[in-house]
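What follows is a pair of complexes built around subunit A, which joins subunit B in one and subunit C in the other.
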Partner chain A sequence: MRVVVDLNRCQAYAQCCYAAPEHFVLQGDEILVYDPAPPAAARAALDRAVQACPVRAIRVEHDEDRAGAGP
Partner chain B sequence: MTDADPTLFAQVRDPANRADPYPLYARLRAHPVARQDDGLWVASGYAAIRALLHDPRVSSQDLPRSEHPRTGNPVKDWVVNPLKDWIINRHRPFIFRDPPAHDALRRQVMGQFTVSRVRGMKRRTEALVAEHLEACAGCTPFNLVDDLAYPLPVTVICELLGVPREDEPRFHGWATQLATALEPESRTDPAVHARNVATFDAIADYMRDLIRAKRRRPADDLLSGLATATDPEAGRMSDPDLVATAVLLLIAGHETTVNLITNGMLTLLRCPDELARLRADPERAPRVIEELLRYEPPVHFRTRLALAPIPIGGAVIPEGAPLVLLFAAGSRDPARFPLPDRFDPDREDNQHFGFGGALHYCVGAPLARIEAEAALTALATRLRAPRLAEDPPPYRPGASLRGPQRLLLHIDGVD
Partner chain C sequence: MRDGTIVVAGASLAGLRGAEALRDRGFSGRLILVGDEPYRPYDRPPLSKHVLTGEVAPGATTLPGVGRLEAEWRLGTAAAGLDRAGRALRLADGTTLPFDRLLIATGARARPWPKADEARLAGVHTLRGRDDAAALAADLSARPGRVLILGAGFIGCEVASSLRAVGLPVTVADPGPAPLARALGTVVGGFVAGRMAAAGVDYRPGTRVTHLEGAGGRVRRARLEAGGTIQADLVVVALGALRNTGWLAGAGLDADEGGLSCDGACRVLDAAGRPDDAIFAAGDVARWPHPLYGGRPVALEHWGNAVAQAAHAARAMLDGPEAAGAYAELPAFWSSQFGLNIKSLGLIEGADAVAVAQGSPRTGRFLAVYGRAGRTVAAVSINAGRWLPAYEAPIRDGAAFPPITGAADQPRLRSLPPGLPGPRGASGARP
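Up next, the complex of A and B:
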């Protein structure tokens, strides 16, 4: 899986840090640190983070999405 | 364009329209920012609400001055109560404050509203939900409001704050009374106002004692953290600010969560396909909850004050005008959301106003999500054949914190 955060959109609401604390951490007031290539088992936690983001800045690409998308 | 009907918001406030205010919201949105005949300005369009949420000319300091009702006792009327009013006016909770005072208070609260503390409530919340549901097993119909949605959030916020368990029953009573304090009517109805003032005094007295106890013997809870932490800029939070903050967390975390759970189950029972899908796949819960926050939000509007003339949407909100941000109308704006009146958890780009936005974005959002997920997942997966005993249910009077007074469910049992 691949996690992409649009940092231009991100306003540090920190909702992802509560939804998936193993994958998103806010350093200081507004520096978001996240795991760009989490294991497949993180899927449910990451979906929580995607849904909870007030500005919808998080995108998760699942491996099957990319395989299905073709070249 | 036709002239806007300047009584639409008065109709929104009319309890007769509580069960379904959405047709009125659609009519309001024809003029995304409109003046009502009582001088109130109502923003109902998505873009307008968003702009005003981010506009520094829009103030949250719109509370009238605190004023204790006369008691006839001269010591109270001339000394004690004016002093209390003076303190209350200077130490409003941060939801009613603007920067920079707001920012320092909020930062201190966020510093204690830690990920581990909030996440730590997850299992406990799930256990509480299970306990309440199992107690309902033999009852049909049972009342979702009294039997689960109402008691759950008070217990959760009390445990998070660090209120001793034996004191919790008092909080249930206070929370019920103070929930009316956020409704505009509470400022105009003298009887409601007097009861709110008395309740606020009682809870403030209790909190002052509890804060002192926490300072003497800090525990690993939010109130101990707030009472003992030192902010690098603001220093230690003052006692009146601590009291105001604690009361705010209690009120804001209570009825809103009750509504999210109750409106949530009501919506799922009205959309049986979605209930079935959640039952089959509880991992849909986060999507269901975000869509509920858009479609049937716990808080329909918040009030503000214009500090300067604000040109917006072809109108100019004059300086000093009271303002309503009608979140629930903005979250159903067809200019922002395709098919807005459809409950669709698979909706993409769901940037709803369910938790407000900008600098006052709900502090308790992560906790609300945990509570709603625990409750709705358990209700969807464990109730056998739930069905509504009445639709629409009766609603509580509030137009802003809007939710059913009771929600009677027939069930064939609890799994």
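Up next, the complex of A and C:
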């Protein structure tokens, strides 16, 4: 999977950190650090994180979404 | 226009999001993305941060796409020339791609160390792309005795922060007066300098390096203009960026290392200032008159600008410049370093005053507002990101500066000169 967070938009509400603690973490009060390439098995957790984000800053692409889309 | 052929030159954030916006708006024709690197579009911000600390692999930041792009990819082949009259893009491998519309999103590159023989010494790095980050990370894994960073802009400061986080000794030689001074001024930059020092960085303001010297083909020390040397086994040259416009030479466009000029609809301008209806630009490479700042030409190396401007260009390509209107996205960026989350709205360049409007540098959490001729032009939050959106409207409206007075935590606002150095060259920031 591929993940990117719009960090202009992110306001460190940390909901992703609760929804997918293995893949999102806050450093200090508001620096969000995330795994840009989580394994496919984390799909449910990542989907929860996307839905939980109150400012809609997380974008995820699942591997199968890219099938046949090129290199 | 909904069919025909659209070529996107540049396969990074702006190129990808522009291509996606074209499909999203119903473009059903042939879509070709050209990239000089052999990689799918990837995210750059982590390259100076968690890639260098080893928390993220250099190749792990491929950007997620949106929907089915149905595009043809020409990766590993740079755009090499533009035939405007013939409506064709020439690639480095000799291929020619005819187009009905072209989106130029070729971005920028790191300004190299100006002395080419010194720049070739092993251990001398610049940081812009994924390969740069991988090469730097590999050199760092040998645990150099000291790393010297030239320049204290965002890349220089973020690299310094990352290297201190993994315990490497770091010296920053800054030609300017304070970290981030060119971007944020010395008032905010001075606060960052304190954090740098607390993190153990040997920070040296007003320090110009004239030569990099090596032994056995590997860099060993930097010679300073003021005399003396700094010993270093690894040097990161972080002296800003140059826009990738060299390949447009001879195309008759208004382009230089500061950007490719375009209008508010993202149409590129020829040398006489006339827009070309078929050729557009977006992202780091694009320089356009910003309506919020009196039509001053600006070129922004901002993540958010790459996304928004590419979407604007896509709209103008398909529906025409009138439908798209003038691109007026509020500049915004973030940086994280030394435990600080720095976020900015508006354009600080040209500001003549700054005031800490909320919070305090003493507590490590504050918001600084910037003014120009009595109007609010920008705001920066330090570990106070949630305070920033309230300033969007005052900046857009050019509200009186400072926009908020008498706040409970700031009964008497003190307005200071922001301490922005003069244009590059005037202050001698270039070695």
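Annotations for the structure displayed:
Note that in this section the second predicted complex is superposed on the first by the 67 of 71 C-alpha atoms of A that agree within 3 Å, B and C clash if a C-alpha of one lies under 4 Å from a C-alpha of the other, contacts with A are read in each partner's own complex, and residues count from 1 in each chain.
By definition in this document, a contact is a pair of C-beta atoms (placed from the backbone, for glycine too) under 8 Å apart; a residue touches a chain by one contact, two chains touch by 3 or more.
Because the structure is a prediction, the values reported are computed rather than measured.
When both complexes are superposed on subunit A, subunit B and subunit C end up sitting side by side without clashing. Geometry note, superposition on chain A: angle between subunit B and subunit C about the Cα centre of subunit A is 120 degrees, to the nearest 10. Within the superposed three-chain model, A:Gly28 lies in touch with subunit C and out of touch with subunit B [touch as defined at top]. Of the two partner chains, subunit B is the only one touched by A:Ala19; subunit C is not. Set against each other, subunit B and subunit C differ in how many residues of subunit A they touch, and the higher count belongs to C. Contacts of A:Arg2 after superposition: subunit C is touched, whereas subunit B is not reached.
After superposing the two complexes on their shared chain, the closest approach between C-alpha atoms of subunit B and subunit C is 6 Å. Comparing the two interfaces of subunit A, the one with subunit B and the one with subunit C have no residue in common. For subunit C in complex with subunit A, the touching residues are 40, 43, 45-46, 50, 55-57, 60-66, 68-73, 75, 303-304, 307, 332-334, 336, 339-341, 343, 365, 383, 385-386.
Residues of subunit A touching subunit B in their complex: 13-15, 17-19, 21, 44, 47-48, 51-52, 54-56. Across the complex, subunit A is touched by residues 110, 115-116, 118-119, 283, 286-287, 289-290, 349-351, 355, 357, 361, 365-366, 369 of subunit B.
Of all residues in subunit A, those touching subunit C in their complex are 1-4, 6-8, 10-12, 27-31, 33, 35-37, 59-61, 65-66, 69-71.
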